[in-house]
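One chain, subunit A, links the two complexes that follow: it is found with subunit B in the first and with subunit C in the second.
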Partner chain A sequence: MQLSCPSPILQHETVQMAHGAGGRLSQELTARVFMPHLNNPVLDQLDDQARFDAEPGRIAFTTDTYVVTPVFFPGGNIGDLAVNGTVNDLAVGGAMPRYLSAGFVLEEGLPLVDLERIVRSMAEAARKSGVVIACGDTKVVQKGQCDRIFINTSGVGFIPPGRDVSCRNLLSGDAVLLSGTIGDHGMAILTTREGLSFQSRIQSDSAALNGMIADVLQAAPNLHAMRDPTRGGVAATLNELAASSSVGIELDEGALPVREEVRGAAELLGIDPLTVANEGKVLLVVPAAEADAALVVLRAHEHGSEAAIIGEVVDEHPGMVVIRTSLGSRRILDMPLGEQLPRIC
Partner chain B sequence: MQLSCPSPILQHETVQMAHGAGGRLSQELTARVFMPHLNNPVLDQLDDQARFDAEPGRIAFTTDTYVVTPVFFPGGNIGDLAVNGTVNDLAVGGAMPRYLSAGFVLEEGLPLVDLERIVRSMAEAARKSGVVIACGDTKVVQKGQCDRIFINTSGVGFIPPGRDVSCRNLLSGDAVLLSGTIGDHGMAILTTREGLSFQSRIQSDSAALNGMIADVLQAAPNLHAMRDPTRGGVAATLNELAASSSVGIELDEGALPVREEVRGAAELLGIDPLTVANEGKVLLVVPAAEADAALVVLRAHEHGSEAAIIGEVVDEHPGMVVIRTSLGSRRILDMPLGEQLPRIC
Partner chain C sequence: MKYIDEYRNPDLARGLLKKIENTATKPWAIMEICGGQTHSILRNGIDQLLPSNIQLVHGPGCPVCVTPLETIDRALAIAAMPETILVSFGDMLRVPGSGKDLFMARSEGADVRIVFSPLEALQIARDNPEKEVVFLAVGFETTAPANAMAVHQAAREGLGNFCELVSQVMVPPAMRAILSSPDNRVHGFLAAGHVCAIMGWKEYEPVAEEFGVPIVPAGFEPVDLLDAILKTVELLEAGKSGVLNAYGRVVSREGNPQARKVMNQVFEVADRPWRGIGVIPASGLVLREQYACFDAEKRFDVGHISPHESPLCRSGEVLQGYLKPSDCPAFGKECTPQTPLGATMVSSEGACAAYYRYHRNPEKQCN
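Showing the complex of A and B:
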């Protein structure tokens, strides 16, 4: 049997320890599962490092490890999430995302069909957002020493000369915009995990926003800051923005876009959607004079059709976020303390 | 009790799920454990992405995830290993390593003193090699869903204009140099795991080689290729070099530097030191005319004192590595098939 089998990997349907050992089985995993989907002129060099030319402006560099469970969820999987998340982390700094690395930790026994499905999703997400997977690494750990698959994506992009988008740039009077509904990603994960099948219409919003953001920067060239409200949700992100710029932020509760099914599931589970992770949304802080122009561009985009102006930057209560409720009262939107939703991304 | 405690983290001596949630406890972990050691002007921006200026030449970009067990081993720990390994992956491409990312996956319950010890080692290794930890990310998974700590480091460096160091550059007649003894890292890990205490003199060779490599490039400006022989050891790396350049490589077995205690432990465990991982060694392929100059520079350096010319590039048997044994016979040094030493890095 073995003699008639030209390639050892063909004997395996699951990840083996040897696939991470840097020997022939590692090469064959690369050749069979990774390269057919991820091949491109940079990665194909297969040196110890990718090489490419700089573009004008400054370099942006970011990293994120994805440990989401379940690995496959309504609206995506860990693969496209890992690409979109890092693309967005570059884009919200005003950078044009260009090159991503992919570092895999695989659990012995992971079905190769699952790995291939994930890698294919990464390749598709990379193509959609116009980035290149430039380098990679694969480690395998024994069964029980990680949970199926963890993926680190780091990213390199270029910030055009003269562009200054930063969380320290907020000014009193700025408008705060949100590109769409909140809590979709986190509630999709959570309702899947909890087996709340009647909520199954909730889909993750996982998406790369660099195309939309590039268009907004044309329409609102003096845009001050952007952040993607992932872990900790809109609540954590706005608190960080307020603290970084020593300004206050006031939100209109009635202006916050929330899907009915997300609101329902959140109530059922006792969770505030404002603290729930998003993976295809961006918060934008724009001078009031450019707010309407930014909103028009957002709404014209597939990922921004439900965009809204949700609040404003104020001089009062620096470092704090305050919500004006629909009943006319005001409450503080705190930085979430800790973990309501583990392994959401 | 709780009221008298100003900071929630002070109640914890181990990693909590909430430390990875993107909320206040995440901020406090960053403030207490990460920033005191890793702070620098780039990281201190704490935006979603680091920003820095390009240097002349091409950009080099690499990634590696470290899952070594045990986390602390003779001669180092996962922290300095993660910095040195990625620094070396850039340096062997002829790049000057500059910026590293650090992506942590932490197991709930990891003692914070262990995490801090690892982070301190990363900071020291970064200082020694002259790189900056530019951005980071921390995820926490439940107890039993990873093994203590995994660290991804990705790195960005710059390749000076006109420099071309690549595994596709080998030419017949080139000399093959090795910067020191083989198998030290892998055997240090393995003897520790196997409890072979009489072998305890074996220390990992974990070290950043960018300084030494920069000096060699001065003395041997036409150097063709470099690789650090990590997973799969010298055997895997030389096979990759031979295959990439479609040349043969011949080694002198008698010229291979191996410590006595490594040779002894390897024999005891039935392992060929040529297949064992190194973390502070580099293979260099240099035109014969520059070989002696390169050797002199290597030997003058603390990490190259036992450097040797171990073989040569030949036209014969392209893609294959052949060893001339001390008895005058010849044998093929194969690409290792798979895993003898899991989780070595």
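Showing the complex of A and C:
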């Protein structure tokens, strides 16, 4: 009789604890899921660190962790979101995004087809925005210890010499521009997550904006500040900008671009679209003299076709954002408090 | 958006404002009952646009605000029990109890879930047969039919692990209480459109007659509200009382008989305490005897509850129209949406929250 040890099963359908243990299954995961999509000359070295040459100017460095649920949503998934979000965080500081790291926390049992779909989306998003995923890491945790998949991306970009874009630069008289419609991402997620019984056509706006921003910086070289209005939406971001520069901001209610279906869902849920997250929009504060030029460039771009001048920076009410309503009255646009709560009647 | 945009039309609104200005010759105090209307008024700055002799007084129609502290404390105690899932509308989670709110309870491990409809709570009960699912059934006549339907449905299905912690209140008894008070300063009312959609406006006729006041069922958009204010002012100036409907696209004299049928089948009228105000006779709804097994108060023994209100909070005066939120000494100081002393600073329909959100220190920032 011949005895033989059973060899380990390599072709798993789902993520196993051993995929994160650094052994043969880890190698298999890298070879089968990550490398075919993410390979590039920096990552292919498979060293413990990525090495690359610096460019002139200052270095911009940022990090963000993505825990969105559901993982797949109309208009994107956690993978492209994790790339676009970090690319945008670099770009709004006036940096040219170049290199990203990707850290994965995977829940045991996650289908590998889902992981591969997410990784493929990351690769596609990186290609579109011209960044390189230069290093990565994977950990697996037991079922119930995370929600399917969490991704951290950190990013490095370079700010050309002489460029100074900062939330502390706002000046009275500046124009406030928004690159498109408000609340698309958050409403896409919310209407999916809450399992509402209405059919929503709302798509997330998840997109990398570095190409568009680079063009705007050509047209409006004295641009003062940019921020991407993600969590907390336009309301939170404008309040932060007003507070950082100790200026007031005034908005025209009628100028705020909101998609019909987002407005409808927001009405139904009792939520102000101004407090809802965006993942493919940028708020820009530019000197009044450059506002029109910036607007023309934004509108010429696929992610900025519905861009608008939504308000201006004022000396009054420092740290506060005020909306001029269509009726001619005024109200404060406050910093949202936290969790969005639906109204009860 | 159809049925919304036309009621936000600035030209129509300006026309109505002009008419109000031309009609009002005396000072009038008009109370909007509903907290949803209070928020719309402040959000759109309607109070700033009205002539100075028309004063809007904010009423008690915020279900979260008037839910007694004792009910919140009871909900917290039930939520803390390991075998329960407490299900609620989102607004209730941040309302401070004597010690904490339901968000804090959740962070301490309680299973507290937000739903948009009580029927979702029923589904949670079906999906979790090993747990007791308790729905925090608060609200005015608007939420009562759906909350009643959930109990009715649970009884039909024999869903033994579902029950409701009920704090249902009704508008007309509150109006009577306000009008009967020696301190009353309200001349006319905008009735709550959604409540009237269920109950019909005929139940306001006796109130209008008894107290000699105009009552105008109103919608929630600027044009709706201004139209209702104009109608109220016209009646006041003409010395007339009675009910005049300004929300015809939603409200009828008869209301919704089917909704009332299920409501009456499951609930009966009882005296009810209102947070900050006290007990108003025959102002609440409780589960009828045959549905007593769905009553969370009876099902869970949480021991003695001794609620503790902040002595600084004057929400009771705010809810009855005696005090403007911004005139409360604690407003924006000890009491903010982050550190609310009372429910009126929390709820999306609370008057204090509306003032804080839209008109904080308005003379300095907004004029």
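Just so it is clear, the second predicted complex is superposed on the first by the 325 of 345 C-alpha atoms of A that agree within 3 Å, B and C clash if a C-alpha of one lies under 4 Å from a C-alpha of the other, contacts with A are read in each partner's own complex, and residues count from 1 in each chain.
Quick note on the criterion: contacts are C-beta pairs under 8 Å (C-beta built on N, C-alpha and C of every residue); 3 or more make two chains touch, one makes a residue touch a chain.
Everything quoted here is computed from the prediction, not taken from an experiment.
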Partner chain in contact with A:S154 - subunit B first, subunit C second, else both or neither: first
Subunit B versus subunit C as contact partner of A:S204, first or second or both or neither: neither
Which of subunit B and subunit C A:N77 touches, first, second, both or neither: neither
Contacts of A:L337 with subunit B and subunit C, given as first, second, both or neither: both
Touching partner for A:L90 - first (subunit B), second (subunit C), both, neither: first
Partner, of subunit C and subunit B, that touches more residues belonging to subunit A: B
A:V141 touches, of subunit B and subunit C: first, second, both or neither? first
Contact residues of subunit A, present in both the subunit B and the subunit C interface: 337, 339, 341-343
Residue ranges of subunit C in contact with subunit A within the complex: 1, 4, 8, 10, 13-14, 36, 42-46, 48-49, 63-64, 89-94, 103, 114, 116, 138-140, 142-143, 194, 222, 337-338, 348-349, 356-360, 364-367
Touching residues on subunit B, where the partner in the complex is subunit A: 8, 16-27, 45-54, 58-67, 89-90, 92-93, 95, 99, 101-105, 134-137, 139-142, 144-147, 150, 152, 154-157, 159, 166-167, 227-228, 230-232, 236, 244, 275, 277, 335-343
Partner subunit C, residues of subunit A touching it in the complex: 194, 196, 260, 263-264, 267, 269-270, 316-317, 320, 322, 325-332, 334, 337, 339, 341-345
